[in-house]
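Heads up, the next two complexes both have chain A, just with different partners, chain B and then chain C.
== the complex of A and B ==
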């Protein structure tokens, strides 16, 4: 899922500075799952903001509400009226959610309260690891289920480079070399032939904004 | 001949090659390039011009290559995958050839995190093996990566790097084989300090018939001091400095450490001259260019052939 992390308080304070009625909207989807922007985090941020305002001797109205997801229009419906009472919106969703919220309420300034980090997995509670860069051309089939685009610091398709150091990546002794792992896994599966062939250049699909139309819906969108 | 490269002529004639290296300045200072080049001229067959090495901004390698060429020295234009996409790479390749450069070394490049702009966006559009095959396609088929025709293809002698010391050791030979298959004509290795491992690697390369398909130049970098030896051992990724080298440098008094480093380098070069499968030595005297005349003399590789 999409992993995100809260922005520093002073950055958020900076963006809401000029407004006095602030509505903080959480997201019950990925942002909530990764403990960055669900109901709990909305409440926590709002109390932090309130405390900070108090210490500065300021007063603003700040309320919060969490909707099921900010990446689907249907969940915005209930907000139409209430949003009008505020002069700016904070979004605790990923970048996609922030944009969709801003699109839904084009006259309201919308500010992100999170930084969107990655598509990742849960290593543990509150510990997430990036695993996918959404390149649009999945190569995991020949790399033993280890993504060279995401996990190799140089996104090599014919690795490893000469910098690999005792199984670690040249950029840090803490980060495993993805290509070392690919090698070991394929060797164990007796599949080294998969990486013996030269992998030709990647035809990058993610250089323009992509629209996904599922096959079963092609007809439907072709007509409109 | 695949190119007009002097290195290619030397290697095909079976002469033991001796190449050097020059790092462009951190500025537009042409004089420093000329000064360094003067030490290399006549003492090496070709000079590698590094491309923002260690991810630190320097004068572009193609520009410095041209300056070196004007000094009457054959440059080996280094190109890394970190800073350019496939368009920029192909246009630079055309550009250097148009200026009379005949050699290219295709590298991944050190990660930007090491350098002076650690938050730069790394390009890595294609990798070093893909770069090798792209240069080969441009040269031999006269076609861009897109398949479009090139008007006057760049006839470059294609080099690649190999690190016999990085993990996984067994895979290093496969990777060499991939680079040869991609189109590498010559290989310059990582600085060699672990001679045992080097012997083993070359032996396998010989057995696999790889040394018949590619010319391998062994990388040699003399240690200037104990500090440098220790730094190379612990801080430089992919470098394998055995303790015995450290002990040797440590065993002499401080003022004589550089001398000891040169001795080690000369002994290595002597061994490489005899080593089956090694076609030459690539001397990387980093910021020690003024020592190259002495090194070449003492390594008994002079005079360099006129071909």
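== the complex of A and C ==
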């Protein structure tokens, strides 16, 4: 899932300082599951903002609400009327959610309260590890399920490079060499042939905005 | 619906806006509840129902009748226990994949999401660090 982390309070305070009625909108999807932007975090942030304002001798109206997913238009229903009562919106969703909220309410300033970090896995409570950079060209099939884009400092498709050193990366002795791990795993599976052939360089499709259309829906969206 | 907010006093309500939001859905929700023919055709479109040995508790119609249906039927006169039970129905038994199908056209996901909104407004929602 998408992993996010809350922005520092100072940054959030800075973005809302010009507004007196603030509506903080949480997301019940990924942001909620990674403990960054669900109902509990909305309540916590609102309390922190209120306390900070009080310490500065200021008063603003700040209310909170959480919708199921800020990346799906279906769940915005009912917000239209409420949003009009506020000067600005704070979004506790990932970058996609913030943009969709801003698109839905183009006359309202929308500010992110989270930094979107990665697509990752849950190691433990509140401990997440990046595992995918959505490069659009998955090579996990021949790298033994270890992503060279995410795990290798150079995101090499044909590794390791000359910087590998006793299983560690040249940029830090703390960082494992992804290609060493790929080699070991494939060797254990007797699949070293998978990395003997040269793979073409990545096209870096994630450098431009992408639109995903599932094959079964291609005809439906063909005209638009 | 004036009493929608009458959950036990110990339960915090976040703001009046959240209850107003529920009131704005009143017509749509009550109509949907009224027209449900209990045909059970929604059941097999739900993967949770299919994966749980067709347990009727996972039927989409069961889920919305026993969540948002109860909220409107009881006009908000609910106890915290009712909401805790509802929490399981609308979060544990439904992932809001929005794939449920109703031949009459009932918007089941919006009913579940409205029930979730109501629960949240009363301070009842899943704690995602509890599952470990």
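As a convention for this text, the second predicted complex is superposed on the first by the 222 of 224 C-alpha atoms of A that agree within 3 Å, B and C clash if a C-alpha of one lies under 4 Å from a C-alpha of the other, contacts with A are read in each partner's own complex, and residues count from 1 in each chain.
Keep in mind that, in the parts below, a residue touches a chain if its C-beta (ideal position, glycine included) is under 8 Å from a C-beta of that chain, and two chains touch if they have at least 3 such contacts.
Just so it is clear, the structure is predicted and the values come from calculations on it, not from any experiment.
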{"item": "Joint occupancy of chain A by chain B and chain C, clash or fit", "value": "fit"}
{"item": "First, second, both or neither for A:53, with chain B first and chain C second", "value": "neither"}
{"item": "First (chain B), second (chain C), both or neither touched by A:180", "value": "first"}
{"item": "A:85 touches, of chain B and chain C: first, second, both or neither?", "value": "second"}
{"item": "Chain B versus chain C as contact partner of A:126, first or second or both or neither", "value": "second"}
{"item": "Centroid geometry (CA): angle chain B/chain A/chain C, rounded to a multiple of 10 degrees", "value": "160"}
{"item": "Touched partner set for A:102, first chain B, second chain C, both or neither", "value": "neither"}
{"item": "Touching partner for A:166 - first (chain B), second (chain C), both, neither", "value": "first"}
{"item": "First (chain B), second (chain C), both or neither touched by A:196", "value": "first"}
{"item": "Chain B versus chain C as contact partner of A:140, first or second or both or neither", "value": "neither"}
{"item": "After fitting on chain A: smallest Cα gap, chain B-chain C, Å", "value": "33"}
{"item": "On chain A, the residue positions that both chain B and chain C contact, one per complex", "value": "none"}
{"item": "Residue numbers on chain B that touch chain A, as the complex places them", "value": "81-82, 86, 108-111, 113-114, 122, 124-130, 133-134, 145, 161-163, 166-168, 171, 174-175, 177-178, 181-182, 190, 237-238"}
{"item": "Of chain A, residues touching chain B in the complex", "value": "153-167, 170-171, 177, 180, 183-184, 192, 196, 198-202, 204"}
{"item": "Chain C-facing residues of chain A, complex", "value": "28, 32-35, 38-40, 43, 63-69, 72, 74-75, 77-79, 81-82, 85, 124-126"}
{"item": "Chain A contact footprint on chain C (complex, rising order)", "value": "14-15, 17-18, 20-21, 24-25, 96, 98, 109-110, 113-114, 116-117, 120, 125, 127-129, 132"}
